[in-house]
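Shared between the two complexes below is chain A, which pairs with chain B and chain C, respectively.
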Partner chain A sequence: MVNDSFKNKENRPILTVKNISKRFGNVQALKNVSMEVCKGDIVGLLGDNGAGKSTLIKIISGNFSADEGEIFLEGKKVHFNSPSEARAAGIETVYQNSPVCINAAVYENFFIGREIVNNYLGIKFVKNKEMQKSTLDALQNIGISIPSEKAEIGLLSGGERQAIILGRFFHWGGKVALLDEPFAALGVAESRKALKLIHNVSQKGLPIILVTHNIEYAFQVMNKYVVLRHGEVVGVGEKKDVSVDDVVSMITGAIEIKD
Partner chain B sequence: MGLFKIYFHILANIFFNLILIYLKIQKGTINMAIVKRKEILRWILDNIAWFILLAMLIIFSFTVRGFAQWPIYRNILYHSVFIGILAIAEAICILSKEMDLSVESVLALSAVVTAYLAGIGPDASGLHLNAPITLIIVLLMGAGIGLFNSYFIVKMKISSFIVTLAGYLIFRAVGLVITKGHGVVNISKDIVAIARTNIGPVPLMIIILIFMYVIFSLFLSRTQFGRYIYFVGDNREASYNAGIKVDRVLVIVFIISGILSALAGWLLAARTNGSSPSLGQGILFEAMAAVVIGGVSLQGGIGRLSGVFAGAIILSCISTVVSIVGINPYYMNIIRGGMIIVAVILDAIIRKIRPRLI
Partner chain C sequence: MKEVSDNLKTETKGQVLSFSQIRRWPEFGVIIAFIILLTIFSIFSSKFLTLRNITGILTIVSELGIMAIGIAFLMIAGEFDLSVSSVYALSGFLFVTLANKFNSPLAFIITLALAAFIGFCNGIITLRSRIPSFIATLGMMLFLRGTLLAVTGGESVSYKADAIMPSLLTRYIGYGFRPSHIWFLALTLIFSMVLTNTRYGNWVFATGGNKEVARAMGVNVNKVKIINFMLSSLMASLSGCIVISRFNLANASFGTGMELEAIASAVIGGTFLTGGYGTIIGVFFGAFLMGMMRTGLVMMGAPAYWYQAFVGAILIIAATINLKLRRLEM
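Right, the complex of A and B next:
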């Protein structure tokens, strides 16, 4: 896992989505959608409003269940009834308002539920110093800089919060991260930091599905793309084979490319 | 006069430093030297209730004749024992973003049960039980009441405000039923002794109070479960996502609250050598006020127990001064209410300054 395997061609897929269909009443939200995510991949999941991006990631992360189709995680078929099951399996969505304990320190949020403790007579005392140090190390390791690991997380910016959540997910052995519109509320400088972080994390082996409207940003980091339109995959492939204009045409429906 | 000088120096120093730091932050001349100062300022803001208490002690020492002496301080601390312990119970509930209005009635019921089991006379049981046995019985009763409250709150998802409002009405009334609305006087000597024992110049009750605050401060700030109470109060979803058993945390919070309220009732029975129907009436609001003055926010997950301790002492300081000076006690609640408003305004100001201090 330590070796730099992000350019490894003989990667087997970490996450495979096969022929997923989902209907809400009369609306066919997704129709036979398939995609693959390998180690080191940053897959841009692109499409217009209502194209089915959200539905797809909500199915992957266990919020909805699909009417048809299968999901495989590391080759094993999985079925999640809730986001917590997906999280336990190693799939998590990070979004603008991901819940955090805003009045707790950064390190407490980083270690929440996994505190380092000393057990004295059955009472578990938290080891704050150690947690602070590991938090700082873990965040620095993937290039996240924050004012202080002891600051309340609610005092940090939205971008910093998302970065910490992504860092936490990576640190605790997450398998696939779904980033839902990570740039939505970020300024230019913050978005740039976020892009760098996404790149760093994926280089260290965490595959990412990036859902965004911002094609320009997506092009800066992704190596693969999947374009959805009206619930169907209308384009899939490697970024190097297409231009921004091609992708825009796919999103709007001017051309269709399938491989 | 020596005491005044020390007070004055401490306060003047703090005040001077505060202004200095504030000006530097305003001017934006923040450098590494200031970082240390920011930490100091943050520490002061976190403990603002203690500084208010200190200021009050100084002001009263100068303005109220006969205030600056140990018997008065001892009296203030003694008076804050019951408010103080109830305030721990309330603070733990509020930190978890719930509320327990039944603490006062549990205190009253516990005092009545203690007096009933340990008292002499026609309204007592005649069992004449001793201190350890009555203590165990009322603590178990308190735990039971906590479990009862949490059943409705956690299992049936009824708001804790409503459930404990019902409890507020029920438990005191149960106490009245037990003694048919009469008071009980004269209870077992070993219980009364708790209230009359001194260790050196310090009453045992005050030592119990301080001990409770030390233990529960450690519990809330240093143990994993104590931190979970904060996390659950702060954001239930984030806590749940992290695998914290939110329901279990809340059940234990209410059980702790019931046990602490029962303990306060038992101590109150010891203090009054019995119980009366109106025992501890209105103490809920004093405990609530101590919690808010101490900087615990109703938002949940914000505040520290040390501040609550200061809040409890501040309130009993005010009642003591009112009775020394002989102000009409009708003014008492105006002063208490005013304190709450001051505390809330201070809290809002601190919340504005704090983001600049990271």
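Right, the complex of A and C next:
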């Protein structure tokens, strides 16, 4: 057993995926995949195209259901029939085109369905000022800087939108965030900001599963890795025990580490 | 390095703020168009800017505008209602018939209740069958109009009942003003406030902006849509009762094509056909523009037929300008 990083003193995993298998017709997309995510973890879920990363993410987030295997959230067995159910339970997927209300302001998007209101005679008036301030505070708290909380979210860049969605999820008490190729459409500077944000959010206790092709970026933030190849886990462990080359070898199949 | 990025930040901040100042005035385009047309009509017709003409325009505008507010409110939630013109005619007819039989307040209440029910049906049909509301309400429009024509045989009925509701709705109150003007203004303010200042308004925007997001965040989008369908129908019905009280006559073919005028008012006022964006103040001016053109063109000596051609041209120009303004923000 490798020694735990100093970050996760709490050993109880937040999310446990156990022996997940999934077939699409003749294709075995996932075979006995297991992984654990603890508090403070940033788990890099790595692998080549078609390795099964997306399928796994989609099973965790409720888009697909697994043929076999179980998912535990904070020790309790869960089963999601839709992404909404997963989100309600505290698992959110943030991806490049994560939907937002593009014509609404940042703070309005932040507070959809959870508006701060004043109740006069049964009519619920929104407190825009308070929501704006609260949004700004929440975003600043995890180091997201945006032009204005009153700006329409459609005016912001893809990176900023993803950051706001992640910030919102964190603010409203999310348990695990799945980031699906967050750097895919980002430039170098934006990617750097995103990495910093991912680091900040996880420091504040939100565990993250980071799915990416960009091993270099993944290495900058993750503390654990899981490598998939042909639907199977071919490598799992702590980042400090491996080099980028090792991981690349696992991804391409040059070496196989199994415990 | 840090200095540079700080500079960049303040610069973008400045830009976004100035754009969002336009954003705070999405009615900008329609108000400009309003002022231009007002100027043209005033120059070419000396009688245009008289109290008598203005109140006359207001009467037409109020009747169209009340319907347009309802439609716009529904459009912002991402749905469509073509059946309003039929609801309008049906309401007028029902109101007159019931008022002649019983009394006008009772007739008014029953008429509104029926309209709300029709709106409810529109909503349920759209949501349950999953056909676009454009089709669902087109069907409802034809169904109601056809039923009305079949039942009445195309004959008119005249209003012979008490003066309670007509006085409350549209009888002159002095200087050419009518209660319908006040209704229109009050409803504009109320709906505008609901849309911009209440939680329900936020939900309407969210529902039209992105249904999936709204639902995922805990907004009951179906409820919002059904309520808005009902409101749209209710407003059309109110408008029908007002018109019929003014004419003292109801006919099954009243208001044919009016749904498109109402939608045009909403679009000219900056409401998006795709939902998620729009303002009631914009609709107010949009309806005003339409009413102004109707009288203004006639007073300038143009044949009345040109009205429709003008509305068409203005609609295209206004929609283009609105979109351009939005792009400018981007």
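Side notes on the structure shown:
By our rule, the second predicted complex is superposed on the first by the 250 of 259 C-alpha atoms of A that agree within 3 Å, B and C clash if a C-alpha of one lies under 4 Å from a C-alpha of the other, contacts with A are read in each partner's own complex, and residues count from 1 in each chain.
Quick note on the criterion: a residue touches a chain if its C-beta (ideal position, glycine included) is under 8 Å from a C-beta of that chain, and two chains touch if they have at least 3 such contacts.
The structure displayed is predicted, hence computed values, not measured ones.
In the three-chain model built by superposing on chain A, chain B clashes with chain C. Of the two partner chains, neither chain B nor chain C is touched by A:A254. Touch criterion not met for A:V244: it reaches neither chain B nor chain C.
Touch criterion met: A:A104 reaches chain B and chain C at once. In the superposition on chain A, A:G113 contacts both chain B and chain C.
When the two complexes are overlaid on their common chain A, residue A:V27 makes contact with neither chain B nor chain C.
In the superposition on chain A, A:S145 contacts chain C only, with no contact to chain B. Once the two complexes are overlaid on chain A, the chain A residues touched by chain B in the first and by chain C in the second are 83-84, 87, 99-104, 108-109, 112-115, 117, 123-126, 147-148, 151-152, 155. Interface residues of chain B facing chain A in the complex, by the touch rule stated above, are 222-225, 227, 230-231, 234-235, 237-244, 299, 301-302, 354-355, 358.
Put simply, chain A touches chain C in their complex at residues 83-84, 87, 99-104, 108-109, 111-115, 117, 123-126, 128, 145, 147-148, 150-152, 154-155. Those residues of chain A that touch chain B in the complex are listed here as 83-84, 87, 99-104, 108-109, 112-115, 117, 123-126, 147-148, 151-152, 155.
Residues 9, 12-13, 15-17, 19-20, 23, 197-203, 205-206, 209-210, 212-219, 272, 276-277, 329-330 of chain C touch chain A in their complex.
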